[in-house]
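Can you keep this structure in mind? I'll have questions shortly.
Read from first to last, the chains carry the letters A, B, C, D and E; within each, the first residue is number 1.
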Amino acid sequence: MESPAPTTRASSPPPAAGWSLPGIGLLKGMAVTAVNMIQSYYRKDRMTTVQYPEERAPISPNFRNFPFLVYDGDNMAGLRCTACSICEKECPPQCIYIVLDRDENGKSLKRPKVFDIDVSVCMNCGICAEVCPFDSIYMDGQYELATGDRFGGLLFNKETLARSTDYHAQLRPLEAAEVAARRKAEEEKKLAAQAAKVAKAKLEKEQKELKAKEEQEKGTGA
Amino acid sequence: MRVPALIALVLGSFPSLGLAATDKPPLLTGESLPRLPQRLVEMALEALKAPDWLVSLASFATAAGTVVAVFLSAFALLSLIERKTLARAQNRLGPNRAGIFGILQPVADGIKMLTKEDIVPTKAEWFLHLVAPVMIVIPSILALGVIPYGREWLPVPLELGLVFFFATGTMTEVAVFIAGWASGSKFPMLGAMRAISQMISYELPLIISALSVVMLSGTLSLADIVAAQSGYHLGFIPAWNILTPWGFVAGIIFLIAANAESNRCPFDLPEGESEIVAGHMTEYSGFKYALFFMGEYLGLFAISGLGITLFLGGWQAPLPGLGFVPSWFWFFGKLAAIIFFFLWVRTTFPRVRVDQLMRFAWLCLIPIALLTLPVAALWHFTANPDGSNGVLSWLLCSAILAVPFIIITVIFNRRLAPSLRTYHYAE
Amino acid sequence: MISNPFMSPAAAPASVPELDEDQLLHVSLGPQHPSTHGVFRMNVVLDGETVVSLKPVFGYLHRNHEKIAEGVTFLSSMPFTDRLDYICPLTNNWAYAQAVEKLAGIEVPERAEYMRVITAELTRLINHTAFVGFFLGDMGAWGTALMYAFREREKILDLFEELTGARMMSNFMRFGGCRNDLPAGWAAKASTLVNEFPRFLDELENLIIGNEVLIARTQNVGALPKEALINGGITGPMLRAAGVAYDIRKAEPYGIYDRFKFRIPLGTTGDCYDRMMIRFLELRESLAILRQALDQLPEGQFINPKSKIRNFKAPVGEAYARIEGPKGELGFYLISDGSTNPFRYRIRPPSFINLTLLEDMCLGLDLADVVIILGSVDIVLGEVDR
Amino acid sequence: MVPLLLLSPLILLAALGAVWKARPVHAALLLALALALVAVLYLSVGAEFIGLVQFMVYVGGVAILIVFALLITRPGDEAAEVARRPRSLALGLVCVAPVLGILLYAVSKGLPVAAFEDANPKLPVQALGTELFENAVPAVLTVGVLLTAVLIGAALFAREPGPKSELPADR
Amino acid sequence: MNPLPLLLTLSSLLFALGLLAVLTRRNAILILVGIELMLNAANINFIAFWRYGSVEFDLTGPLFVMFSIAIAAAEAAVGLAIILMVFRHTRSTDLNRLDSLHG
């Protein structure tokens, strides 16, 4: 931690002139404020204030606020969430509460019975959206959430959280398109796999049948 | 003895507090517009055959009421304009929600102040705590009464106007002390100590710089001081005191000292909010707090008005041939300019420290202010018979007044030698 | 009784008069006070207006951050680090990410390193300009400089919003890179900003540097000798203002700082004026780094594809990583027991450690100086109290 | 006459308070009030200039100085002050009573010279100034020298010994 | 009725009160309060005799008051400065405790 020999002298800015009149620095400062005062009336870059309710600052597509759930199709039935609880576990302020829906036999239906987010606790970090393996939770851009009811009004449930894929596409076209493409590819892969499986099963069945037939024929022949 | 007669007797026994002006200007000219209410009241009472003492009392009350009304509305307006101007200098918009351009903001502020809880701390002395804000407002209003606002508009034509002004000003110190002490708290106490020492220190340059004007005008009456600055040199340069060497220096000193007297940035130590919260006003709330603000702003108007009267020619027009404009217009124009300057300073300057404040007053302002006195005398004795001053007189007076400035420059550069810093870089 | 071990003998009072206890004024500055930068409290004992003793009291903003971090996964702590020094969340992110990377041995792709440098230096711009604004505000300049600083900060925050999705609570860095790539056109916008920034700096310097009142208020106020600062563990601009060339970007280059050409400005006296000037000069150096980084920005991956987001487990071990935050050395110390949560999580917060010498700097000065000195330390209570 | 009748008891009450109040700051503030009322009395008898000067110097200067000094020094023990008041008051009255008696006796005996209702109804300031700077110049100069000496002397006396003055002036 | 006796009575009482303060108070600063009261009593006399006295067109009274006020201000300043210095030495303004010549 030795201070090395100074190598360069400061070139910019000069801290103070060599010989100055008292008050010259003050006058310089007053000139700056005067310029700002005058220019604030006609130069856009001087005034950053946005008059909020009348006009709004543009929101970048990356902007994130509180999470929402995505469903495919037209209604809640297509909710992508499988209640896997990964987001619940990773959520830093632990504001997600999920209960898995089960049928009467106790078998998982792979969908949430309860999905609550307490947005008064949520800190908009976006980790839930990041960790979700089912592309079902994303960050919303909606920020006008003021409510008169500070308990119920800020506790969002499954119904209030759910949004259609169109909404997502509108909010973040790039991301949504990417997700849609990926899901489509996966879907096709899955379909293809299923088709292949069916075909294979059919083939096997046919072969089996053929074999049986052959054996039968052999047997009858024998 | 009936009570009204007693009042009349009491009032009558303050002979040269002369109450209101007694002349009768024409009713409806631009010049005498501000005196219209007073004249109307007088005429109404005379028509009703009211006794003389009642007429003069009512006339006085109306004249005083006019001034108070004008300056209270100016206070309301200034509280908005100040916020707007500061906001613009800081590239903000300022209040613009209450009414168009936020014009109703003062009303909103007033309602808010009035509806707030009036808190009196347990340790406070409630009576003195109550008295202080009232005592802050009274001297400002009294001082506003003696300033000549226009050719026809001088609420109280006092022979000793200037002395009266400074005498009322001293009451503010007591009020500030009472406010700080009676709050029974530490920040107000610190603020009051700062305020008193600052006010006492800056009262001296204020008075001394005003003295040179008194010397050359030969009167303590503010109306006569304005009258002494009438006329134009060379036909277009107004004969204001600020346009003489001694008047220029004294005027600047007056401006600085006035700024400090009204506790405004960069001399706002008594209420320096980043250090001692709000100084002597810390424990006040609601309307009492509003009264402090009112007193402060009225005091600002009063002291700026005095500066205008002493140095800027009062209500005199800046150029000849502008006589058709009512003279009070010029007064308020100058007032607006001075107050704008104060606002501008406020946006730019950081606050000074207590010891620097004191050193500035005692080592810088007071000596220079004292120097303006002999220079003013020299100016008077080197004047031509017609009252104007020759080039030699100008040069001599300017040269003498330049000496302290040169000394200050030298000391400034010596003292601030550590400020000529170079910074090094390590690679 | 004035006893300042660091005061040089020449400056020490020849004879200290006995101070009566009942002559002293005990003032509690804060926790609700206009200039304590949040909820900080100083128990000040005044003789007249001279400080006789000053005891900092903090903890009003304590959020149990370190203990909470031991209860949540490694990734879950990342958004909490935003809230430490909330003026500059991205450097906090970086320091934490670096610590985990060191612990788990994760490589960071080239492009991610550049992105980190760019965001960190932009953060430094924000911090230092805001510092100057707050500093002037403490001095009673009615926030004019602060508003100008915030005007420019707004532009940088817009960039941050576009990049990270949030203006302040960015939560941007990930173990092995960054969360997302630069949006299209972001680098160009950043270049424009970097090119326009010097104009604003000139304006700010015109407003501030030569101001006689400011010079009178700050010069020779709150200076401590180098040795005292080093012994106190002071880092950052405060240390460099006293002339000690210690900058972790040079002393122990992390990331890719060894690729850039920049200099470390050094002061001589270490008073409040130097502290402010050092920040001004560092702003210019940051701009130089930004220019180089934006020029050299390579294509590639923004995150190491091998790094895991879900169910991340660090191997057993411990790691300390530090960066040169805008306020000083910001370090994260982690111990892992192999599970998904850190076993021990500890921060070295520059604000907090720089604050430890506050009393020594303030003794014998005025109450008004205390406010300035506190301002010149540049603290954020979120970081001091954690 | 009427203002005098109104003012005199007020002045005496305020002065009594200044003498009586145990709390020093109250006493000082009441002194300021008494002096301000004396200034009003001057105004009411036509000596405006004197009244205003009285107000400026006494209220703005002396009273404030006293208050300031009270704040800087340690406040005395009020309870002890009140406790020993009967004794000190008795002693004080014993000393004051003869003085007051003599004064009041002199007043009651009437005046050796004729008195006019309106000897000088109004103080001419211009004349006072002329008088001061023409006939009373030596006195004015003496007072000027005295005040200067006082200014310097008071500054020297009140200079704080200790750490502050030992620090470099431009710290 | 000539108000002169009234003013003289007022001044006598004021003087007595000031004297009482000087004699009964122990705080040096409050003794100064008494002295100021006494000075003012004297000033009232000057003004009273000038205003309602026997000499017309006279300025002696106000002149004396002017000087008296100036000197009173000086006296207060010096007095308080001395009290402050004493206070620094002894940590007290109680005159009963200032019984030693030794500083």
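Operating definition for what follows: a contact is a pair of C-beta atoms (placed from the backbone, for glycine too) under 8 Å apart; a residue touches a chain by one contact, two chains touch by 3 or more.
Remember, it's a predicted structure, so these values are computed and weren't measured experimentally.
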Required minimum of steps from subunit D to subunit E, each step between chains that touch: 1
Subunit C and subunit A - chains in contact with each: B
Chain whose average C-alpha position is farthest from subunit B's own: A
Reference subunit C; chain at largest CA-centroid distance: E
Central chain of the complex, centres being mean CA coordinates: B
Separation of subunit A from subunit E, taking each centre as the mean of its C-alpha atoms, in whole Å: 83
Whole-Å separation of chain centres (CA-atom averages), subunit A against subunit D: 79
Inter-centroid spacing, subunit B versus subunit A (mean Cα positions, whole Å): 61
Whole-Å gap separating subunit B and subunit C, where each centre is the average of the chain's CA atoms: 45
Multi-partner residues of subunit E (at least 2 other chains): 88, 91
Junction residues of subunit B - those touching two or more other chains: 89-92, 189, 347-349, 412, 416, 418-419, 421, 423-427
Residues within subunit D bordering two or more other chains: 1, 46, 49, 53, 61, 68, 74, 121, 161, 170
Contact footprint of subunit D on subunit B as seen in their complex: 6, 9-10, 13-17, 128, 159-160, 163-164, 166-167, 169-171, 173-174, 177-178, 181, 189, 193, 196-197, 200, 203, 220, 415, 418
Residues of subunit C that touch subunit B when the two form their complex: 25-27, 33-35, 46, 49, 136-144, 147-148, 151, 207, 211-217, 219-220, 243, 245, 247, 250, 263-269, 273-274, 277-278, 281, 366-369, 371
Subunit C-touching residues of subunit A, taken from the complex the two chains share: 1-4, 6-8, 10, 12-13, 15-17, 20, 22-26, 28-29, 31-33, 36, 46, 48, 60-64, 86, 89-92, 123-127, 130-131, 133, 139
Complex contact set, residues of subunit C against subunit A: 72-73, 75-80, 82, 144, 148, 150-151, 154-155, 158, 161-166, 169, 171, 179-180, 183, 202-203, 205-215, 226, 230, 243-246, 263, 265-266, 277, 280-281, 284, 309-310
Residue numbers on subunit B that touch subunit A, as the complex places them: 85, 88-93, 344-345, 347-349, 408-409, 412-413, 416, 419-427
